[in-house]
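The following pair of complexes shares a single chain, subunit A, combined with subunit B in the former and subunit C in the latter.
Showing the complex of A and B:
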């Protein structure tokens, strides 16, 4: 029997077990699939939450803004610290130590400073995405063979040529991996921010449905949010594959 | 630059940053309601010291329980999945999906099931730590040198001897790496629950200080948690290094 069949069978068994357990227990609490599907239909037909598209787009816009900032700042700081040995040795460890702090610790301060609107979510998504990108740039630059750089210089390559022809291809794999992790974390940052306190966006709808015990709607909203997350990651993995082809 | 020079540069930059911040805050260029001066933050620390320390102790206790659970369960599940390639092939998409889902989306549901308080914080923290440990450990078990296993079997090793003498010693570095990774995730999970629905713990303290616009105590409490988590991670790193030196 092929693995795919086993997986499908497992999925079906899981859903069936969930359905039976939920009906036997408290359907309002455990939300059987038979209740979640109609709720998803009602959500997508804009019956349960007519303003869904606006919230979805707001969350998407926050993600884009947070990630754009994180990429810009992450690349700038990463290359700044990586190209200058003294700066790298001084501030690299400080960044690594700050990365060891669970980022959600900063969220209350950001919420206080930026308010309950989009700005605090963008700031938190930025913060989460910034660290993996910066650290990936630093790790990637360490991977570039010093010999290759020396040889390129010996053959008269200028700093720009060395950077484009030697360093970038040598570190691309790590860099792109960091960019992908950064995107995933920016998305999570925005959604965590929205769930911890907001007036608009997918997270606010989720806490609204949860607060009113509209559990079937809550499951449907989670499914839609997951689609957003998976879509972002899918776009990132396409880029990753293209980068891999370029270096190969 | 020498190592001592680097240390002075680090110390100098941190002091300079605090100095600039103090001047900017005193000069009134930022609203002290949102950005208090470092001296005010020190005062804030004095104001909330006992409450914050009690909250931190509460949080760290929950984190310790969640951490112990996620290491135990994660290593056990990793050993099982790593030793049974067919089972692991069938379960792989489920593990990847569960690992990849931002846990924040299921937090409201966990709270509905378990109520407010200590238990959901421990469960959610365990959930955060469990998957990275599971994935790292099962990968390590799968990658144990086949030759070692074949030779041990050829010399008549029984299955339990295979585990005790070959597999367990071989995966120690990965288990340590997983433990280093897991602690931050566990702390993150516990803090998120405390912020979202806490009645105790430093996450709850942070959340209520932010809601009360008490910036100085909020910054002080944030600094306290950050320092504690940096200290924990550095401590684990040091223990790790000592262990690996002992292994040779």
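Showing the complex of A and C:
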């Protein structure tokens, strides 16, 4: 309750500061909330960009595809490296080093490989989401207590049972944290990909509005995109909280 | 066979088959050598020991004398390099919860499982249906003194309670042998004494065979039908003492005081040897 109040107060203060700052400067560049809100209304009423739903859905589909690929590959590579000592020692450090490279440097080549359509955005979202998931699996597996594994073995658990009943629950919290980070980064990858070069999707609309200096529309588009991101993260955090209650 | 006769729980078939075997447990010339960075270490060398059904056999000795290794061999978690380990006449090839259940010094409870779910863990591994294993675990709560704590998680339990849950987990699978590796080693003195009394009661009621590793002479004298003293590394059997006295034992009786002095002098010698470089 009080947390909600504090948040509301912070939001109001930010909006007020924004309004004052924008009016003091050039309102065409620093769009004040009083101009952004009507633009948001026009956007949602499909007056400024009538094709908004199609773009929104395309971005959402790209995110879903990128994230699904990142989860599948991240879990497969993570568990592959984690369960095989030699592979883990050989490739684990390389993965961590690659993660440190700003991923955006790969994006031009992704556009060359996959073109300007959805495929390159999915590829970029995948690339960003893949690393945190893989690394979370590896970290989670190291976290599982060797003693608990011994206990399970003493009670007759075979490798599969140990994996399901000890490894997975033991690493769940870290794993879910990685999945959540992966989702956030997949969303970022897709949208950044769209902004850097595309013909459709929320990112392309943002670039369009920005290019024509329709700054109020631009701000409205950013708000809608933020809602998409916050919605995704909210779903992920619900999952994370469930996992926390279960394991902590 | 030990001179007292604890009541055996009703377990037809298997129990009778085991009763036929002269000795439930037989270690025959077992040895174990570990490879470490600074060379090989002989943890256990040429240990032979027979334990009859229903015994409470305590293994005591200086740190690093291979007590835990011996227990690991009985539990199937450690393979001996020499000799063999037999339970009911059959060699131990790996962990077999139908024959032996282990209680570790670190209770090793699964933090994401409630006390009841932890107790039922072994039954779950054996594929016992959920309703049946819950009922079985529930039945143990009373004797474990955990009736009000079934749905608590390990982090909500005291050290003594956690270890009782771990003991419950071992009792639940109905293995004829319970292996206990310093189960009360991490508890404070008072809790330790009470847990010993409690364990004695459980053992006498269920008639399991207990192999108990400890550092505590008091525990050994209060609980065991037999005490096995191990030497410093490489661990060998130094002496075996039978304790035919009835329970509960008067620890100040001249008999036990004399025994305590004798055992202490043996353990002292070995502990001193173990401390030498």
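One rule holds in what follows: the second predicted complex is superposed on the first by the 229 of 248 C-alpha atoms of A that agree within 3 Å, B and C clash if a C-alpha of one lies under 4 Å from a C-alpha of the other, contacts with A are read in each partner's own complex, and residues count from 1 in each chain.
Operating definition for what follows: contacts are C-beta pairs under 8 Å (C-beta built on N, C-alpha and C of every residue); 3 or more make two chains touch, one makes a residue touch a chain.
Just so it is clear, the structure is predicted and the values come from calculations on it, not from any experiment.
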Touched partner set for A:45, first subunit B, second subunit C, both or neither: neither
Which superposed partner A:212 touches (first subunit B, second subunit C, both, neither): neither
Which of subunit B and subunit C A:3 touches, first, second, both or neither: first
First, second, both or neither for A:24, with subunit B first and subunit C second: neither
First, second, both or neither for A:148, with subunit B first and subunit C second: second
When both partners are placed on the shared chain, which of subunit B and subunit C touches more of subunit A: B
Contacts of A:76 with subunit B and subunit C, given as first, second, both or neither: neither
Subunit B versus subunit C as contact partner of A:161, first or second or both or neither: second
First (subunit B), second (subunit C), both or neither touched by A:12: neither
Which superposed partner A:54 touches (first subunit B, second subunit C, both, neither): neither
Contact set on subunit B toward subunit A in their complex: 1, 6, 9-10, 13-14, 34-35, 89-91, 93-94, 100-102, 104-109, 111-113, 184-185, 187-188, 191-192, 195-196, 203, 206-207, 209-210, 213, 215, 218-219, 222, 225-226, 229-230, 233-234
Of all residues in subunit A, those that touch subunit C in their complex: 145, 147-148, 150-157, 161, 165-166, 169-170, 172, 246-248
Of subunit A, residues touching subunit B in the complex: 3, 6-7, 10-11, 29, 86, 89-91, 93-94, 97-98, 100-109, 111-113, 187-188, 191-192, 195-196, 206-207, 210, 213, 215, 218, 222, 225-226, 229, 233
Contact footprint of subunit A on subunit C as seen in their complex: 75-77, 95-97, 101-102, 104, 106, 108, 110-112, 121-122, 124-126, 169, 173
